[in-house]
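There are two complexes below, and they share chain A, which is joined by chain B in the first and by chain C in the second.
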Partner chain A sequence: MQMLKRLIHGIQKRRFTELVGYGLVAPYVIYSLVFWVYPFLWGLIIAFKKWNIISPDKEFVGLDNFIRVIQDPLFWISFKNILFFMIVYIPLVIICSLSVALMLNRIKILRSFFASGYLMSYVSAGVAYSIVFNLLFAGDGLINSWLGHVGITIPWFSDPRIAMASIAMIVVWKFMGYYGLIFLAGLQSIPKSLYESAEIDGASNWTQFWRITIPLLNPSFIIILVFAVMLSFNVFTEPYMITGGGPLDSTQTFVMQIYHQTFTALHAGYGSSFAILVAIISFTFVFVIRKMVERDISYG
Partner chain B sequence: MIWHLFRKKVKSIVDESFGESMIKYLTILAVFITVTTMVMSCHSSKAENDTKNISYWTAPSLELSKFESKVVEEWNLSHPDSRIDWKTIPAGTTSEEVLLTAIATRTGPDICSNIFGGFAAQLADAKVLVALDTMPGFWDVMEKRNMANIIRNNWFYNDHVYVIPVYVNPEQMWYNKKMLDKQGITELPRTYLEFFTLLDEVCTSQNVYGLTVDISSKWYKRWFDYLTLYAAAAGGEPYINVKEKEALFDNQAGIAVTEFFFNVFEKGYAPRFDIQDGFQKEMFLASIKGAGDITRVKRMYPDLEYVIAPLIVPDYYPVNAPVYTMAESKGMVLFNNAHNKEQAWDFMKWYFNDSHDSLWLELTNYLPAREDLVSNPIFTEYFNNNPDIKSYAETLDFSVPLVLTPQTVEIQTILNRELWQPIIFGLKTPSAASRDANQTIRRILKSGP
Partner chain C sequence: MGRSVRLSNRKQSNTLGLTVIYSLLSIGLIFMIFPYVWMVLASFKIPAEIYNRFLPTQFTFEHYQTIFSLGTTGSSHTFIKSIFNSLFVSSITTASVVFFGAVTGYALARLNFPGKTFLNNFVLFQMLFPVVLFLIPRFLLMLELGWINTYQGMMAPFMISAWAIFLFTQFFKTVPQTLIDAARIDGCSELRIIFKIILPLSKSITMIIAIFTFMAMWDEFLWYLIVTKDYNLMPLSVLLGLYTRGEYSSYPGILTAGATLLTVPILALFFLFKKYFTEGITMSGIKG
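Right, the complex of A and B next:
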């Protein structure tokens, strides 16, 4: 009898513990269901429909929206712009953030202060800094007035050849602090003993950097590459606020098109199918990059 | 005593079963938060359903809010049974986007101001707006406010009126007075040829640009340059035939305006990069500006001296014909899901009256959309004190509104892509740009929204 009681008590206790476990993960699960799964499924459904957001009428159009996206010249213009953005942005952000990390790793005092300083750009509101950069880089802005002393005026945002590169530089400014901290964490996890033994073997700083630091930072590189690629496909605030997609569509991006089609032209179905195709391309890019760059790292 | 109990409890938790006790406390906390949230949200939604107030949203502008707050306060004092809950349109990228989201989630207002015609047409197509001309006493209000002809001529969409224009903002030419005086110029240009002659004379000698032109590809910017000069060049004729679904950009007026802007850039009278407030900073001789700019310019650049003149027209334009202009206009709509349409309509009828228009003009400096602005004595004092704004009021007989089409955004996006941007960078000839824009816009019109 005593054993039976103990068994029942044990089962009740385990059930209670399980329930508590479910209860603790429930907020995240509910959040994901409401804000991720539901919108995703809804987006998937309306991608096959013609719908203007406000009307209750939704006409089923099959794959029409997807075919129209593929035939839309702006889809391919945006794709080309994003590729150009990535070519400028990814190397630049890696160089800048790695420099930030190496600098922070070397300084002994006020490291947190400087790290927080670099993070300020990351936590700044996109709309606010876009307005500031627009004023700074305007034809008669501060930067051009400095350059004017040496007889140069650069049409940062109004020359179609360099407008996207200018946008990329602003995004680099925003993210180099954040990525820098990821690199810093990577740098600090590399055992000091590796550098000590390399020094004993007579390796120069340069050799240590290329043979120890860079290979062992591979996990950080992967994270940053994935973040940077995902971000490239999602660039919106800066070109939307500064150039509106111009000049000559040179700063049109996928998300600007999705936004324009959905909320301005009220083609929600078309916008949704656009978003799905962009997501597929983006995931493919991330998958390929991971396959190409990811390596197993051992500090042993 | 309490401290002793607390210490005992903490000790028992730490010593014996930290995990289990913690789990219990966390569970109680989670249950408490969940229940409280549910109770509070049920309570607030019940409170919202119970309210009989009319919700009213207006433009997020400081000047306009001064007026709206006074008017709403006046209404609420005299109508305690049908109070107005007024707020500005919540912050967002555009008012249209915020409203769409609100409508889609059924959290929108009963009445909304700051709606432009094209957006009203989109909303009307989606059947979310009340056809105001079907409401009792509609034409009485229009007659009383002296706006019946404005409505009849310009605000019918699908045989109904869905939006009552609150204000109009016509465009005119501004010239820098100091630059003109320096060259001893007293006669302002009427045609494009005369305008370029003036630029040749002033710009080279004074090392300034000729005309401020927005180079961005934001769709709404074309209201204030290309479409404004189109209205003047076409003698007030629209750029779209909505009924026939025809675009009219490659006609004589369309090609003339395209050629004009092409030459402005080609001859270097406008830079191919953005200069903030270039006219106000006295870097440009001329600019196209609306009545709404006057107050802002006076506040921010009090030393700027300028002359206001009618828009320039193509060389073929008859000398004695009136010069038309385009007037951006925003208005008020009533939503179909308004829970008390009669009371909301009562408020709208009450809103449009002489004393409110007088107060509106004084507080906002925007021109009320009515036909008797210059002749009505209630505005005389204001116009005597503000002659610049009066010069805009005098153009209202020859001001045309935007074409009422639900495809406004698409039309102007294509205009940017096929015409505006290529002529800025000299990538197309004016006739090719006009033809391409016309063909693409025509295709969009025929395929429907």
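Right, the complex of A and C next:
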């Protein structure tokens, strides 16, 4: 009898904590169903429909939208622009942020002063720093008037050959401190003893850098590469604010196209299949980069 | 003798190395803060000096006066309203992300119920998908709900964050069980346990989540651009963006004043809470 009572009590108590658990996760579950699962599925469905948002009829068109995206020259122009962005952005930001991290790792005095100094740019809002760089790098802006003293002016945002590179450069400004701190955390997790034994073996600084530092920074490299690739596929605010996609479509990006197709031209189905293709391409890039760069590191 | 010579040589090359490092870091730092300094100076310059003089010869408040009195047809002080809109939307969202993040994270870390593993995986799953996939269907959902041009519409996609739930879940796993048990024996409700015992013990993760959420909301551009049409409801980022591309594009003084207003609050937040910014970034570097 006593035992049965204890058992019932135990079950009741368990049921009670389960109920509490469900109660606590309920807002999240409901919210996710409404604002995540439902839009997610809907996005998949309208990608197969022809629909202009205003009219009530949504015609099922199969893979038509996807085929039209692939045949759209602007899709390929945007793709090319993003690749160009990545080719400039990724090496440049890695060199800058790794150099900062290596230097910060060497100093003791004023380290946190410099670290927060380099991080300041990270908190600037997209719209604000786009305005600032647009004016600074304008044809008759301050930078060109300084360069004018040595006889050159650079049409940063108005030459289609370099406009995207200029945008990549200002994004480097924003993110190098952020990536620098990630590298710094990686550097500090490398055991000092490895360098000490390399020193005893007579390895030069150069050898130590390539044989110890770079391989053991692999996790930081992965994170930064993944961040940088995702960022590249999502570039929007800077070209929208500075160049509007021009000159000659040289700064069009995927997100600008999706925005334009859906919210100016009202092709919701087309925009949706565009977005799905972009997501697939960015997943592929991240996957390939991980496969190429990721190494299993172990030491100790 | 030989040894001490070698040591002092080494010391010398070390000091030399450090001098080089400090100089390089300082030069780099000048490049990093130059755009900020220029922006603030430009917002106080007379228009003729904005483009081609770095240091102004005279200060003026005219750009700020103009920006604060700007209005649209039928209303005034649009800019001041937009600052309020930004603050309002960012604060509510931040509070909601922290509240629901903590509650859900607690349940996922500390309570047992069928389906918990599934939910834990679902949180990770959600974090994988890029925002671009959701822009259009969420916009359509806002149309359906009649939430275009409303505060709800601006905030809806950001109210609960999988990222915050994930961080809270990870952190709450480290809180000692004895504390929770003791509170239960004292008759504390689960909500009281979360907000009176666990959150105070998790101050730094809570601050990190709050600060990064606030900053992201303040900086958000694309979603606000999509769901707001009424100038009086627009957050600062969108209003400034539209002004820049529209009628004020040739008034650099007004634009830099606007950019300064958009930057200063976040910069202030950054200097107040530097520690949490650094910690948050370092954490993402270690955990990935």
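Methods note: the second predicted complex is superposed on the first by the 254 of 300 C-alpha atoms of A that agree within 3 Å, B and C clash if a C-alpha of one lies under 4 Å from a C-alpha of the other, contacts with A are read in each partner's own complex, and residues count from 1 in each chain.
One rule holds in what follows: contacts are C-beta pairs under 8 Å (C-beta built on N, C-alpha and C of every residue); 3 or more make two chains touch, one makes a residue touch a chain.
Note that the structure is predicted; figures quoted are calculated from it, not measured.
Chemist: I'd like to know which partner A:214 touches here: chain B for first, chain C for second, both or neither.
Modeler: Neither chain B nor chain C is touched by A:214.
Chemist: Given the superposition on chain A, which partner contacts more residues in chain A: chain B or chain C?
Modeler: C
Chemist: Taking the superposition as given, does A:138 touch the first partner, chain B, the second, chain C, both, or neither?
Modeler: Touch status of A:138: both partners.
Chemist: Go through the superposed model and pick first if A:147 touches only chain B, second if only chain C, both, or neither.
Modeler: Neither: A:147 stays clear of chain B and chain C.
Chemist: Applying the document's definition of touch, where does A:20 land relative to chain B and chain C: first, second, both, or neither?
Modeler: It touches chain B and chain C both.
Chemist: I'd like to know which partner A:263 touches here: chain B for first, chain C for second, both or neither.
Modeler: both
Chemist: Tell me the contact category for A:11 with respect to chain B and chain C: first, second, both or neither.
Modeler: neither
Chemist: Pick one for A:288: touches chain B only (first), chain C only (second), both, or neither.
Modeler: A:288 contacts neither chain B nor chain C.
Chemist: When the two structures are overlaid on chain A, which partner does A:244 contact: first (chain B), second (chain C), both, or neither?
Modeler: both
Chemist: Is A:83 touching the first partner chain B, the second partner chain C, both, or neither of them?
Modeler: neither
Chemist: Using the superposition on A, tell me which residues of chain A are in contact with chain B and, in the other complex, with chain C.
Modeler: Of chain A, residues 17, 20, 24, 27, 53, 135, 138, 140-141, 240, 244, 263 contact chain B in one complex and chain C in the other.
Chemist: Per the contact definition, I'd like the list of chain A residues that touch chain C in the complex.
Modeler: 17-18, 20-22, 24-25, 27-29, 31-32, 34-36, 38-40, 42-43, 46, 53, 99-100, 103-104, 106-107, 110, 112, 114-133, 135-136, 138, 140-142, 145, 173, 177-178, 181-186, 189, 219-220, 222-223, 230, 233-234, 236-237, 240-241, 244, 254-255, 258-259, 262-263, 268, 271-272, 275-276, 278-279, 282
Chemist: Considering only the defined contacts, which chain A positions touch chain B in the complex?
Modeler: Residue list for chain A touching chain B: 17, 20, 23-24, 27, 52-55, 134-135, 138-141, 153, 155, 157-160, 240, 243-249, 260, 263-266.
Chemist: What does chain C use to touch chain A in their complex?
Modeler: Those in contact with chain A are residues 17-18, 21-22, 24-25, 28-29, 31-33, 35-36, 38-39, 42, 50-52, 54, 100, 103-104, 106-108, 111-114, 116, 119, 122, 126, 129-141, 143, 156-157, 159-160, 165, 190, 215, 218-219, 221-222, 225-226, 237-238, 240-241, 244-245, 252, 255-256, 258-260, 262-263, 266-267, 269-271, 274, 277-278, 281-282, 284-286, 288.
Chemist: With touch defined as at the start, can you tell me which chain B residues reach chain A in the complex?
Modeler: 23, 26-27, 30, 93-94, 96-97, 100, 103-104, 122-123, 125-128, 215-219, 271-276, 278, 281, 283, 409-410, 413, 416-417, 421-422, 424-425, 427, 449
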